[in-house]
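Heads up, the next two complexes both have chain A, just with different partners, chain B and then chain C.
After this line comes the complex of A and B, so read on.
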């Protein structure tokens, strides 16, 4: 065998050896009842046709390679943005392990989150005991300042009532009476992670503003000049929130970030483990009710939260993950209007630099076609930026996008000559995208890590922008919001374009006559 | 062997150049390019000119004798393309140090040549002189001669150290080196009545390849292209061509003229930029070949090819015309492009707001007048400030220029398209013309200009940076008036 104790080969090399190659070939030939390779090839080619696409788009029950995740994932995202807060997911523990690994793989940071670890008997008799024990253990073992409860499907299906359960647990002494335990029902069979984010954030604000589930008097709002900022579920939260703070500080705006995960997902390595770090303080979360206005960077992440806040007398403004010049302009103008501040020259200069960078390189992007998928707001923000660059966001797909989202996308397409042949695909998955990439090919694909399969199958170069990004490190540290963020997105797109040029021209004595050092 | 200063004087005396011939002896001695103004922004040096003129010879090892500055900053910096060897893209330099300056760098140069020959065995090594070893007195001619004798391989000294003058002079000195050491040293295996040389064409962005199929279709053989996608041997045997076309205005006029004198190869100056110019050039090549004994039917075949290709090109250009109606172009380039591109743009319905003639010769200017009429707006030497004002006053909708002027256009918030060496699109021949127009259209209608022109939405339009910048441009002019 090729493997020997002196030189153990890893998976990159082992099966490439001649012994394995011939063994695998024989196995295919003799035992696997292999299909005729020509037939396999024929079907492979057929799966690239318009005929197959029609069947693919007629799919009703099956989702293949979804570009969305579940509600509690979003709930955990929202919860860790608050000071000393431990997300507590009521339900089965396996789900929670997924959220933790999902975030850790993206942010390359541990994500603390606990579960009530419901088992079969809990599923039959209800999860009350798991809640009582769970809250008590969480409180004593991990010493959080707040426990934010959400649910998995299991608890939702049997109808566990979080409000009552938490009340009972407190009565039984799991946690002190005055300890903050906000909650939100977050069934995965409704909506997606952006819905869960919305529900959890609303749950937390409801808790602080509306009398802590009947245990405290409602806060009397005394309007001040501050504004609240909500980032939404955002894979770039570390870089973005820091960038937003910098911008607000430059403008001299008084603000509260509601759900600030920029520190907890970027802790320094200095010998200390920080289970909790940074985040919106509980006092600030409570005091946020007095703010003058609340801004949401992602409309579809705050569909319930914003109306709730508006109900408390705030002016609310929402954006769709603004990326680029015009998007950032609108954002800053709103901030300036709401707070009565001026946009400082430093930001005007940053704006000019982004415009300059676009002008320097846009000829490479202008006229290129892009396919794009991701969360609804990200799709809107990136598509707007692409249109600004003169690119055509030909296919824009959001598995968790609604018909309303598609209409909004269409409105965006209609606003630019470059949007003429572009189409939005709500509720579709990456297998639909695969068909689109074959029947109506584009130059580049923008999406998360899972897009690498599409890149491999269709040969469309993938620009990694979205969530999750597992196979590239540290992108989340670089903002995509603000003019600096727009620059980062521009560079990421350009890098791929030039990498593609190089990759297509690098065969010595064959294609390398165009392998240029100056691009 | 002539000395460098003698060679330079010889280059300054160019009987084939009308402007030069009209000069007094004293004027001629000064050279044909404007003296550099100390303190002003300047272009490349003679070394750079020599290097870029010869670098496209793809199978040659180009060895730069000097400190790291010269090759370190410049290797592989041109978009010339090769259909075969890639040795020309490898940066060879002696990278001399203090010791070489004190004790002389000739030994190091000799060793470097030896190492190149041992490791790469190229058909020839070109050794480029630079300022420092020229000042310390390294005799690259002697080293090249010794190395050539020792290794039995052509080692060609290119004596154009940077301080002798500007880039254009370097182009010509490079030509002199080819004339002295390369051209006529090898006999071709066979010749045909259809053999031509193309002189001063560098195959930037692979442009030559857009024209070559036309020549192939006519059965015309490019015996040697100096120097785009060229091979050493081709240049060495180029003296057997029947006719020559000189492409880049005056960069290598000395080569064309001396080859005519020495080997009786007639040449004409032509361009493949623009439909009419491409056709004219093909006609002229055919005419010269026929005058040198090729069968007269070549003329008919040429006309047939021209008719076919022009029709195709016009058909591809027609859709652009409505989009270009009323669009004005400011052309900041020089030399042959100052008129060859003018014709091309006019063909597509673009108006020419002005063309720069800084590097253009008298003939170039004559051609411009022919094309644009007597009142052609020719710009002698436009400062960036004036360029800015011209663009700003919307006298032009787009500027076509080299990379160095692009920022003027960008700051004036005007579209800009690169038509010099660093561009990535090939504009030669019939196909190239269509490509150029496509690129102009893409540039003109790029949404970024709207973005660039629109001030920040919170800005006071009376007091933004653009208004202030324009005021700065206008104020001194008003004061002067």
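After this line comes the complex of A and C, so read on.
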């Protein structure tokens, strides 16, 4: 027996003891009817080959380990960025349990969201009663300032009409007539979580700007000098939004963040649970129509929202999740141009410090090959930074990336000599990536937590950047935008590179001559 | 400081009743009436907890429950390691449940085992419009092509499948025939079915009955399988953090032979061999009583509920299991209890003084709202409130008759609002619930352990698990961080609930 009160062994060590090892071997031998180990080994090797890759890439129907989620997740993300707003997802209730868990596992924070809990009878008769009762309950219990409605695929398949349902619910007194209930249809079988973010944000702005679903006059736009900022679906939203606010304050820019999740997903432990915290005020959301321009940090998160805003007379500018020097330069210069402000010297010095850091360290990154996957904008932003560092983003994969995205990636590759042998993979998944990592190996992999399976199977060291990050803590508190954010990304990459150097040079009298104390 | 230390039972009951009335005030009348039936204060001697259960959740209240798909794919089928489980429908369900439940297993993932992978048909609009059966057929072909060592396939239906009229049973039959009788199991666990995960468990059990047992009938036992008089199957242990392993070792040490694990670290061969067991030992009654009853009726296999949380219940359970066998096994049970007594004594000597008198409120699924109570009591702790996410009346009967004390607050399918309010007023020393609840209570300064995933620790089953359980509860409650929650230069804030303002 290995267990003791003095030194309690949990799953990390307990099962490595001889009693458990022989127990597990017996189970396998006698009851599992397992395959011949030689056959397992043969298939394991075969799955590394070009022949397997060809079969793998010929897949037409099966998706394995995708790097995307479904629309309503993005709708919930967008909704909680508004003051006192409770997301309400119309459809099956299990979905909401999943979204809440998913966000809580990433941010290590509570995520409040309700469901209309539709079941079989609603599937037959429609979910109107669920909407009527649900809005009434949510309003009474949680005292939100706004309830933002989106849909699960169940409600979409049966064709529930949110506009009509909400109107009826208001007539039935579920919530006061003037209470804000913006909505968006977010079918899970179209697009991905970034699409849901886009639809939900557009739904909220449409509500405030275009007459609250016919219940109020449209807001007459009176242009002012402010700008609106949209972050998009972003696992680093806490750190990023705070960094953007700091930058805007340094520049003296007047701004509105449309969807500010930086407080609700970073509340203090001080004895009080804040179901709502921070967020864009509803007044600001409505007044944002008067801004002179709107910036989207992620083009593919705002494919519908931005044209909608442009339709209201704004100049709109979109970026692709800018990371690093040139991306941040362009972002700041656009902000300066749009607002007629000057970029203060403090930011020029921050820029210089990032360049300084790159100069200090780039020799360890130069020429290294990277595989990278994530949301389309993140891929573009990170790949651009890698090119700046003299690295080669050899395989760039976005499960929710379109052909248009791939063309944009190719343009980026073409803009740098380091992009020469690089390729974009739209609509592919992490099982495709697995093949690529075997047949065309790279030095490092950048991706979310699920990338650890690729790291285990292919031996490619994983640098965790993306969403979700479940198995490392607090990364979301650190920005990846701005020059400071670039520095954070640089350090994260370098730490992994140096850890890998050390791990590969630590065998005494064999490889440890390179186990250098100075790198 | 716990209120229960300074109050007698009558006072606690009065306080809890008042508390229930207070939380009901927030609801619209119709909802208050419905919720009132799910909340109660336990009266000693009653045969159940006096609450309604297994009813629809009310829209908009923030239920903690999941869906039938979660009950089937997430709980019952997902851990069967040598089969590929297709999340059939849009991408999300499979994505959010991907490897999130820590069903440990041994195997080469992606080659001969597949638990921590996400296979999905990633439905697009055209699949909704034209149906997904052709796509499903193609998916099965592609699986056969790319994963030749898979031993079977299950199709886990997401909401749209049942709504668009797909015939996954027909596809399964055709493909099974095409692949020489391969086990392909269609599961009708669409998320809108039933009121919680619970129906998903039932549907998943029935699918094993119909598509695994019935199919295996007449087939020879797996190669090398020779029955013995001591063959048992572990039913309803999902090997979270290795729970089934730290249970199996005790059964084997007492002389039994475990021929199958359902379903943590389990294989298709083990499912197929189970009708040859002499006894099914059932841990999670809620999720697998159905198949146990079926095996009793059809194959005459008795089943026996057991509880491997905490030494008192473990010893009781080992003796109960042994009572189905001869003296050799009965002696074996005593030998095992004696073997671990020193460990138990050491664990209790170390941790009980730190935990004595501490109070706990639970809200979990399956068996845990009652099963873990004994383990807390072994450490001198007291469970003052408990409830089931998706329990039925038979769960509340077991709870009332064997577990909870007089005056315990009972809350079925608790809402976010109720749970916060209860904890705020009762002020337990520890809350045990899930990831969605964890950070709510930690913000309030209340120590918390996830009692679904063991907060990424475990195992908690068996004697080895009890040591880990004790260590974890101690580190939760006695972590220095909870002394720092109050800002020293601010007056002590009143217990505060935003939603109630």
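Here is the rule we go by: the second predicted complex is superposed on the first by the 507 of 519 C-alpha atoms of A that agree within 3 Å, B and C clash if a C-alpha of one lies under 4 Å from a C-alpha of the other, contacts with A are read in each partner's own complex, and residues count from 1 in each chain.
Definition applied: a contact is a pair of C-beta atoms (placed from the backbone, for glycine too) under 8 Å apart; a residue touches a chain by one contact, two chains touch by 3 or more.
Worth saying up front: this structure is predicted, and the values here are computed from it rather than measured.
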Kindly say whether there is room for both chain B and chain C on chain A in the superposition, answering fit or clash.
fit
Between the C-alpha centres of chain B and chain C, what angle is opened at the C-alpha centre of chain A, expressed to the nearest 10°?
110
In the superposed arrangement, does A:68 touch chain B (first), chain C (second), both or neither?
second
Contact breadth on chain A, by residue count: chain C or chain B:
C
Given the touch rule stated above, what does A:325 touch, chain B (first), chain C (second), both, or neither?
first
So, does A:358 touch the first partner chain B, the second partner chain C, both, or neither?
first
Which partner chains sit in contact with A:343 here, chain B, chain C, both or neither? Use first/second/both/neither.
first
In the superposed arrangement, which partner chain does A:250 touch: chain B (first), chain C (second), both, or neither?
neither
Answer with first, second, both or neither: which of chain B and chain C does A:15 touch in the superposed model?
second
Touching partner for A:387 - first (chain B), second (chain C), both, neither:
first
Would you check which partner chain A:512 touches, where first means chain B only, second means chain C only, and both and neither mean what they say?
first
Where chain B and chain C come nearest after superposition, their Cα distance in Å
34
Identify the residues of chain A that lie in both the chain B contact region and the chain C contact region.
none
Residue numbers on chain B that touch chain A, as the complex places them:
76-77, 79, 81-84, 86, 206, 410, 422, 424, 439, 442-443, 446-449, 451-452, 456-459, 465
Complex contacts: residues of chain A adjacent to chain C
1, 3-6, 8-11, 14-15, 19-20, 23-24, 27-28, 30-35, 39-40, 43-44, 47, 52, 55-56, 59-66, 68-73, 88, 91-95, 97-102, 104-105, 108-120, 122-123, 130-131, 133-138, 140-143, 152-154, 157-158, 187-190, 192, 267-276, 431, 434, 450, 453, 457
State the interface residues of chain A toward chain B in the complex, per the touch definition above.
325-326, 329, 332-333, 336, 342-343, 348, 351-352, 355-356, 358-360, 362-363, 366-367, 387-390, 416, 418, 508-509, 512-514, 516-519
